[in-house]
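Once you scroll down, you'll see the structures, which are given as structure tokens.
The two complexes that follow have chain A in common; it is paired with chain B in the first and with chain C in the second.
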Partner chain A sequence: MYAQMVKSEGMKSAEEMTPEERAFQNRIDRNEKIEPKEWMPEGYRKTLIRQIGQHAHSEIVGQLPEGNWITRAPTLERKAILLAKVQDEAGHGLYLYSAAETLGVSRDELMEKLHSGAMKYSSIFNYPTLTWADMGAVGWLVDGAAIMNQVPLQRTSYGPYSRAMIRICKEESFHQRQGYAIMMKMAQGTPEQKEMAQDALNRFWYPALMMFGPSDKDSVHSAQSMAWKIKMNTNDELRQKFVDETVPQAEYLGLTVPDETLRWNEERGHYDFAEPDWNEFFEVIKGNGPCNRERLEARRTAWEEGRWFREGLMAYAEKSAARRKAAPHAAE
Partner chain B sequence: MSRKEWPLWEIFIRGQHGLNHRHVGSLHAPDAEMAIRNARDVYTRRKEGVSIWVVRSADITASAPSEKGPMFDPAESKVYRHPTFFDIPDEVGHM
Partner chain C sequence: MPSLPDMTTPDVVALAERAAASQPHDPHLEDVDLRPAFFDWLCRMGDNTLILGHRISEWCGHGPVLEEDIALANTALDLIGHTQMWLGLAAEVEGEGRTADDLAFLRDAMRFRNLQLLELPNRDMAVTLMREFLFDAWHFEMLTALCGSQSPRVAEIAAKALKEVSYHLERSSDLIVRLGDGSEESHRRMQDALDRLWPYLGEMFVEDAVDKAVAEAGIAPRPADLRGAWEQTVNEVLEEATLASPDTRMDVHQGGKQGRHTEHLGYILAEMQFLQRAYPGASW
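Let's look at the complex of A and B:
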């Protein structure tokens, strides 16, 4: 998902827990929210910083593939819509960074870790956006997959994270629908436009399935994260739900999901589908996807070239504060 | 690493005329004026408010979570503070 393969601390049984840890787990089991200054196990805090931080980085880096098309949108209206969508993603990043900071990590530290590669962002944003139809596919599939994961996370145990998710979910539906609207337009357009839409679906289908991360049935990390309610569903559950919802949407568009094994399984009440190529996924995670270098470079450059601006505004703020102190009434 | 991080601000928004300002989240900004400008873009992109307050996070004093019991439990036994504590006969009519 936007947070993939987040490592969490080892799982403890009720007997192994300290009385504090047991009381904490009981609060979570009662669906109480945990707030920033309250006692929490160190593992809970660390895992959340990793997860929320990775989620925030994904929102920010996720602006790049779509930002690529803002100046080339086919109409002024499409341009305004895409700009608003990308601006929302910046907002999502900011809500999430603030939530992570309540756990005792600073914004600069998070930035440093993104830029050094110590923290990751979602694999999906390492794929290029080659045509305008990709703006449709990204909104429809990528935001669609993100919604699958973010909706249940509104109920997560950590208060600031849950509130950020509620705010984000309110805005996500616009993202998916504007993407699907682009796909409808293209799919009902000229044969060449329909071909572009099909090509975008072909390229984004498997990377979208990878967003949920590899199967985590036997992972201890996800068992602990699920006990803490910072992961609400298994990766496979969410992936299945995504496929079940998306296939009929593709059919409506008259487009073909690039999976010959895809069929409705009457018995299971779900679609059977092919797994993505997990080797490709691990390569992308390691930094060897088609756009990893370009994405990180863009983020580092923005950070470096914005330094004089951040420092200038800070110096100005300090100077005017000092001036106000020296002459309290003159500044009014 | 930048020389000094912009300070953190808590953002409060009045959603509609007649309502209280409510805490909506926080953000970094060099000063109060920039905090308000940034809050407009971060928290009111869909007309969520008619007024914004910003307060430096460092200036907020909070009650300690560990004192939750002594702080709030005393109110629990004062059930007579609620109108339903008193039985008023139906004949009296609405009160």
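Let's look at the complex of A and C:
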């Protein structure tokens, strides 16, 4: 899940709503899609900008931990697959910034907010990728967790967001499969490869669980977002679903989930599992994760060092517009 | 973008063998006298795309604008795809049981056959794009000529690669024009990049015994024959970009095609080959 702890508004009861707000809520309850030009409560718009923006930032910061291994990929085929995946993530960023633009915020504004630290990206991308097995773990667990959240978001109430999710979900399942394929090779490989695979699972398990955000009892922003169908499931529901699907996959790989309390609960029909260390989560959100500084620095540097490039293209566009004006028929 | 292999297919090797069996018959593959030159020449093609693909892939996630991140990753992906085809054929011609991966990951620098131009560091986007453009213009002419190769296997690869390289050239030419004729700073950076790369360009057109042998076998054009069309493309684009071709020598630095490289290639290989070297025989 690439949007964590997105600040929403206090939930209004039907009596507190204006007639416009009530009509709006009725449309959402009837599963109608809200389109850019239509009336929407200011809180809905703001919450969506925060959520879509955070999601977009996660896609582009998310290029970094995997980009870290492209030049070291062990075969030409793995290199091609990883390149294709990272390229997809940049594409996801593009769809999402475009969806946010329909709400009246430009990509540059959102970028500035990312660079100043005013907007966040998913905590998961502040963890390092240390071995090749991490390319497996990231695809399997991180893209896997993202899918849990993004599949229901295909039905979200805001039209452009919903359509972006539909495009994105098609590619995410390929991302998860390629990650799992890497894990499979490693888990069935040499003792060193198997050790790397287990180590990657050990390091990424709890950070992956954190991707769904804090426990429902501590999640203050959920109710309004769920009423608006910006958020489709609670954090705990999605986390449980993720654990239930992932544990058998780990078993199939012959790897051990690093949780001694993990067991199937016959009565609930779900796995019981240990919560991640929420102190660690809040520290990472605050900027104290292993890679926060480096990730943000990499993005800022790319932006700063790319300034001349963007300005050069703009200067050319202005010049050629002026030339067209001076000689309107010359180019035809 | 080349389509990715279907990962649910259990036996990729069997699939590859079936594909190889359905290849058109190519007598050049059985010509024992031609073999060393043919192998070397195929390595040149594959090493060019591998090393340039590596350099471009270093930009992943660090581009100046999101559209550029996507385009650079896509270009690198295309080039790695071409590498798989050229080095795959090289391994087949060699007939020693090596694979494209063996050639990419287990040869040392003196066995690499890429142009020196392609291993130079990226520095900024100006050098990266100028290098790509100067190579694309050559690559386009080379592949166009190879589409008429008397080796059906070479012609087949060239035809596949040409589609993508036509697009690479279109994109890089467009950016050279816009940045050259852009702001003062973008103009200066593009001119500096051109001046820096200029002394490496001559290597593309120098002929040695390998080039001569494959040309005489009707496999590839003579390097010098590509020069006229390359110059025309480059001059047109540079002129529109308001950039000046230096009047200095183009053939100062060469030797990559014979395995004599700059200091930079060793570091590329140290990084690229790390896993295969650290865990010999492992499968990934």
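A few points about this structure:
Simple rule for what comes next: the second predicted complex is superposed on the first by the 326 of 332 C-alpha atoms of A that agree within 3 Å, B and C clash if a C-alpha of one lies under 4 Å from a C-alpha of the other, contacts with A are read in each partner's own complex, and residues count from 1 in each chain.
Basically, a contact is a pair of C-beta atoms (placed from the backbone, for glycine too) under 8 Å apart; a residue touches a chain by one contact, two chains touch by 3 or more.
No experiment lies behind these values; they were computed from the predicted model shown.
On the superposed chain A, the two partners chain B and chain C both fit, without a clash. Annotation: apex chain A, arms to chain B and chain C, angle 80° (C-alpha centres, rounded to a multiple of 10). By the document's definition of touching, neither partner reaches A:G139: not chain B, not chain C.
Once chain A of one complex is fitted onto chain A of the other, the partner contacts of A:E38 are limited to chain B, with no touch recorded for chain C.
Once the two complexes are laid over each other on the shared chain, residue contacts for A:P276 go to neither chain B nor chain C. Once chain A of one complex is fitted onto chain A of the other, the partner contacts of A:G179 are absent, as it touches neither chain B nor chain C. Of the two partner chains, both chain B and chain C are touched by A:R310. Counting residues of chain A touched by each partner, chain B versus chain C, the larger count belongs to C. Once chain A of one complex is fitted onto chain A of the other, the partner contacts of A:S106 are limited to chain B, with no touch recorded for chain C. Of the two partner chains, chain C is the only one that A:L64 touches; chain B does not reach it. In the superposition on chain A, contact of A:P207 is made with neither chain B nor chain C.
In the superposition on chain A, contact is made by A:K319 with chain C only, not with chain B.
Superposing the two structures on chain A brings chain B to within 6 Å of chain C, judged by their nearest Cα atoms. Comparing which residues of chain A touch chain B with which touch chain C, the overlap comprises 84, 87, 91, 94, 107, 307, 310-311, 313-314, 316-317.
Against chain C, the residues of chain A that register as touching in their complex are 60, 63-64, 67, 70-81, 83-84, 86-87, 90-91, 93-94, 97, 107, 132, 174, 177-178, 181-182, 185-186, 189-190, 192-193, 298, 301-303, 305-317, 319. Residues of chain A that touch chain B in their complex: 35, 37-39, 84, 87-88, 91, 94-95, 98, 101, 106-108, 112, 163-164, 167, 171, 307, 310-311, 313-314, 316-317, 320-321. Those residues of chain B that touch chain A in the shared complex are 1-6, 8, 25-28, 30-31, 34, 41-43, 45-46, 62, 64-65. Those residues of chain C that touch chain A in the complex are listed here as 1-2, 4-5, 7-8, 50, 54, 57-58, 60-70, 73-74, 76-77, 80-81, 83-84, 87, 100-101, 104-105, 124-125, 177-179, 181-183, 185-187, 189, 271-272, 274-276, 279, 281-284.
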